[in-house]
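Before anything else, here is the set of structures, which you'll find just below.
Two complexes follow with subunit A in common, the first pairing it with subunit B and the second with subunit C.
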Partner chain A sequence: MSKSQFVLERSGLEQLLQALKNEGYVTLGPTVRERAIVFGELHTLEDLPVGLKDWQEGGTYRLEPRADPALFGYNVGPQSPKQFLHPPLLRLLRASKTAQGFEIVSETEPLPKYAFFGLRACELQAIQIQDQVFLGGPYQDSHYKARREQVLILAVNCTQAGNACFCTSMNSGPKARAGFDLALTEVLEGDRHYFVGAVGSGAGARLLNQIAHRPASEREWNQAEALVDQTARNMGRGLNTEGLKELLYQNLDHPRWEEVAGRCLSCGNCTQVCPTCFCTSVEDHTDLTGQIAERTRHWDSCFTADFSYLHGGNVRVSTRARYRQWLTHKLATWQDQFGSLGCVGCGRCITWCPVGIDLTEEVAAMGGVHVQNQP
Partner chain B sequence: MNACRLPGFAYWTYMVNLISHTPGLDPMLPRPFRVARAIRETADVVTLELEAPAGPPLRFDPGQFTMLYVFGVGEVPISISGDARKPERLVHTIRSVGLATEALCMLRKGGVVGVRGPFGSRWPMEQARGGDVVVVAGGIGLPPLRPVIYHILHHRKDYGRVYLLYGARTPSDLLFTEELKRWQHTLSHAPGASPVLVTVDRAEGSWDGAVGMVTSLIPNLRLDPAHTTAMIVGPEVMMRFTIAELRKRGIPEARLYLSVERNMKCAVGFCGRCQLGLQFVCKDGPVFAFSQVRNWMTQKEV
Partner chain C sequence: MPGKRSKPKLAVWKFASCDGCQLSLLDCEDELLALAGAVKIANFLEASSAVTPGPYDRSLVEGSITTPHDAERIQAVRKNSRFLVAIGACATAGGIQALRNFADVEEFTRIVYARPEYIQTLKHSTAIAEHVKVDFELRGCPISKGQLLEVVSAFLHKRKPNIPQHSVCLECKVRGTVCVMVAQGIPCLGPVTQAGCGAICPAYQRGCYGCFGPQENPNTVALSAWWTHLGVGEAAQLRAFRTYNAAAGAFSKEAARHV
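Coming up: the complex of A and B.
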């Protein structure tokens, strides 16, 4: 076995968490709050959703007990690292009034360093996609960059697939392939509970050296691989990406858009939970004295009324047009804009849609007619 | 800051108590400029000439825009309407239509505006050389095209016949009327030619000029269609009709350029609002060859 493949016991994982805290990281990972798994600060492994699993379906999310004490026996919750790297509400600017006009007040308070504990493969891919949006163009978003540069990532490979998951279709999971410092697979075998890991970076290797670990045996490694392979075969959903862009470009007038608009509430939940959606709005405020002005940026959504507002009216008035913008952006125009799909197959938009609209179904419905249209 | 103590499901509206910030410099930070002169053009249009109190002037190319910020009010995209050869005065012409534009139009000499930019693509001044040029402006579409006229005037010999077709609502809405008169001579390619053609939707007062749509001026232009470049700014419907009319004259699609307006909150590709199909109007536009946006502009509600 390669030296970089190792095994941690549960106690070693606890040491890893403490080592991150000692290095000054804010350790963020899955925690249970308000009957959902969301990111919270982990102080010990006990803060994880130990022995819980999630049940996800279109419009449905439920936590249930597991038969075992797994630490990572669930899939993704409504939040993603986007919550921290691209914060929902951010101050862009603070300015104070002067006799001559105004001057910009600089921000001095340092940013926290985040360590993500237990990110899934699809979330790693979502980070790479947002990297492309915020760092890959002619301008770099310094807010994203400052947060992103100090991030440390401990990935966890999925050993069960959710009902709404389709990462294998999107080529993003269930195994973390890149973009992590350390990656683990949780193995529960009778009385044994251990984590088979791989090192993804120099920072990961240095961390590993601070904690109790041992090389993985071939059997342990194979066991972990088998669990991930089995996950890949059990995806709750699928999406055919071959010719997907052309399919959508050729069907901008498909009657299905009208049909889905009849169900869609235009609430924007899908865009808020989506780990790649990046759109924002900006607001200006002044304090009561009018001396200090602030500009804040907050997450917005192509489903909101004023997203496309131009003096005199909105460009996208109908829900049909908004849903079409969302879906064609995720799956088609994103490819032309950023060279990849804008979807990682995490299924969040399906689970958190109040009426359970499922993009894989919508694409399939359009594909059906598209095929018939062919001579 | 305790970012990790979030409430459960993060509807963004529930999160206003949690403001993140970032220390340091970034492309979203404006640079303060001072108003050197404010010129009232019409009842609702003002031209602001800005100067940088510190640092170098802002160099730009015809077609580019900036984001103008008014303290505490807002920030909006406005095209640069000045001469690219005289960057020490950064000129914008603004129509008051809402909160931010109204505040901009109320600024007086000495006032301060935040400026970011210049952003966006340019008019095809190089590609247009050696042929005829048709500039078509509707309403507040003229200011974004004024840098084109200045450029042509500086390099008049590089271009053939040049026409400026300009439509406004009423005679009192006409912008840059003194310059329009001068351009009638300076833009001319031959004695007696009238390169500046103006029309209004509604005649008023002593108006004895043309009444009707700018598109009605196109059929009678004398030009060499295969070697003509058109540059168009106006309301989207007006641009569609103008393109159709120019196509009828046989101007190749690849020589039709237009400047597109979309909601913009960042101008640098981060806010996602300016998308027009696969294009980001802020960084891929606002000036596009028609062929780049045809498939999207001919769809409703893209």
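Coming up: the complex of A and C.
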């Protein structure tokens, strides 16, 4: 057992939250709003969805009470860290008219320093994927970078799997392996309620030194591991990733695309809730006087018509083409583009699709029938 | 420097409507002065009785065509306008008064008016675009003040207005609203409705009522199947698709499936 494995009591976790606040972090974590678990600012542990669980199915999400006072007894909600690292709406610049032309008005608002409290393993993987998208190439997204650099992450390993989860298939969870400062597993054993933790960075070690903790016993460590192993065996869904890219490339004309287009609303919700989807559009606005111009950037989606408009026309007119773009990007072309899958198996696109379309089912339907040999 | 150009003339016209969309213009309190500075308001009876003769650089047309007289009047407005923008659900889809399209208007006039023979009315309430060429349609019941200012500013500064035609759902997501249909099972028209309002209703825990009419690529059949799964009956589905945009193509077609 490495000495970096430790135990926190609930009071120690509260100290950790306060230590983060003392260091000037905006502490974002799971909170209940509008009958779902979304990111909100945590002031005390009581702001967490204490004693609640979520029930998820295609197109359905419900909060329910638990029999125990678990702090992290649920899975991911509709939002992900992309809400903060890659905001849905961002003003890129403002310009004012001058006699010579125009002048850029610089943005002066300081960026908050975020600490994410209770991120799941799949969300860490999604951040790594977005790091690759925004920072991995020759052109870096300075807006993402400025937010991302300051982030501190407290991960929580999942001790139950949701109905829409398939992180084991995507090799992203349920245990956080990298990309965190501290990671905890919540254990409820009779009267005992404690958190078994691991340190993932220097910043994590420094924080740990400020709060009450003790080394984990072997029994406590095993208990935590057993919970995570059990989660891995109880995934609500699964996706076979072997040969997935080839399967999709060989089936670009599969009749299933037309069939799913009959059910798909082309509303774009799947792309908005997906923690790795990164597409945006940029708009320029002027005010009535023509003195001030603004450039804004907002999330966009391959399900909108404007998004696929290239010079002279739209390259993806039908819902069939748009759904196929979404699914093949996540699972196939992403591999060619970024060297990884674009999906972490969080299940958000399944739960938050208003009509419950399930990408694992769509893939299975294409693998289940005769695979065409010609692309 | 180019010579000082005279200000473009803006006219606002009213047909069958509640005046709510014109009031959105008056509601632009903070921007009204800037607007008055940028354009010459040549005809806007809701705000002033002074009328400047045409032609007009831009006409904002509110309301639908419901009488023979209005059917002629819109032709004159078109002839006098360089650009014509239809504003609001009445002007773009016939409005709530297009419910008459699915009933017998003569029967209504017999019941409502003491002397129905004085009433000259058309059988259908129709959108402006069914009578004259419309350069731009601004949806909504009522229109959004922000979108109206966007269209006017774009016109003044010769750029394309940023008016999205995608679903309301994307506005929910920008706003951070939790989906009421998924989290609460509340029937919502958002997925088939065009954005523009800023997804107000879901933010107040209600389903979208479809005020901005069908989105660019609406799949009402699939949404309706999901509503049935949520327990929404045929009569309620018919009512949902027959409101302010009852005569808009996709909504009227869907409603017909539930008659």
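Structural remarks
Everything below uses one rule, namely that the second predicted complex is superposed on the first by the 367 of 375 C-alpha atoms of A that agree within 3 Å, B and C clash if a C-alpha of one lies under 4 Å from a C-alpha of the other, contacts with A are read in each partner's own complex, and residues count from 1 in each chain.
Note that in this section a contact is a pair of C-beta atoms (placed from the backbone, for glycine too) under 8 Å apart; a residue touches a chain by one contact, two chains touch by 3 or more.
Being a predicted model, the structure only gives us computed values, none of them experimental.
By the touch criterion defined above, A:143 lies against subunit B but remains apart from subunit C after alignment on the C-alpha atoms of chain A. Shared-chain residue A:285: touches subunit B and subunit C both.
In the superposed model, A:60 lies in contact with subunit C only, and not with subunit B. With both structures placed on the common chain, the touch criterion links A:351 to subunit C but leaves subunit B unconnected. Of the two partner chains placed around the shared chain by superposition, subunit B is the only one that A:28 touches, whereas subunit C remains out of contact.
In the superposition on chain A, the chain among subunit B and subunit C reaching more residues of subunit A is B. By the touch criterion defined above, A:219 lies against neither subunit B nor subunit C after alignment on the C-alpha atoms of chain A.
By the document's definition of touching, of the two partners only subunit B reaches A:295; subunit C does not.
Of the two partner chains, subunit B and subunit C are each touched by A:79.
Legend: residue contacts after superposition of the two complexes on their common chain; A:303 is shown touching subunit C, with no touch to subunit B. Taken together, the two complexes place residues 33-36, 38, 78-79, 83, 88-89, 269, 272, 284-286, 290, 298-299, 306, 352 of subunit A in contact with subunit B and also with subunit C. On the subunit A side of its complex with subunit C, the touching residues are 33-36, 38, 59-62, 78-79, 83, 88-89, 262-269, 272-273, 283-290, 298-299, 301, 303-306, 319, 351-352, 354-356. Considering their complex, residues 26, 28, 33-36, 38-41, 78-79, 83-84, 87-93, 95, 97, 100-104, 106-112, 133-134, 137-143, 146-147, 249, 252-253, 269, 272, 278-282, 284-286, 290, 293, 295-300, 302, 306-311, 315-318, 320-321, 325, 329, 332-333, 336-337, 352 of subunit A touch subunit B. Contact residues on subunit C toward subunit A in their complex (touch as defined above): 31, 34-35, 37-38, 149-150, 152-154, 156-157, 159, 162, 164-167, 169-170, 173-174, 176-185, 188, 190-192, 205, 216-219, 221-223, 225-226. For subunit B in complex with subunit A, the residues that touch the partner chain are 1, 3-12, 15-16, 18-30, 32, 34, 69, 71-75, 97-98, 110-112, 114, 261-263, 265-266, 268-273, 275, 277-278, 280, 283, 295, 299-302.
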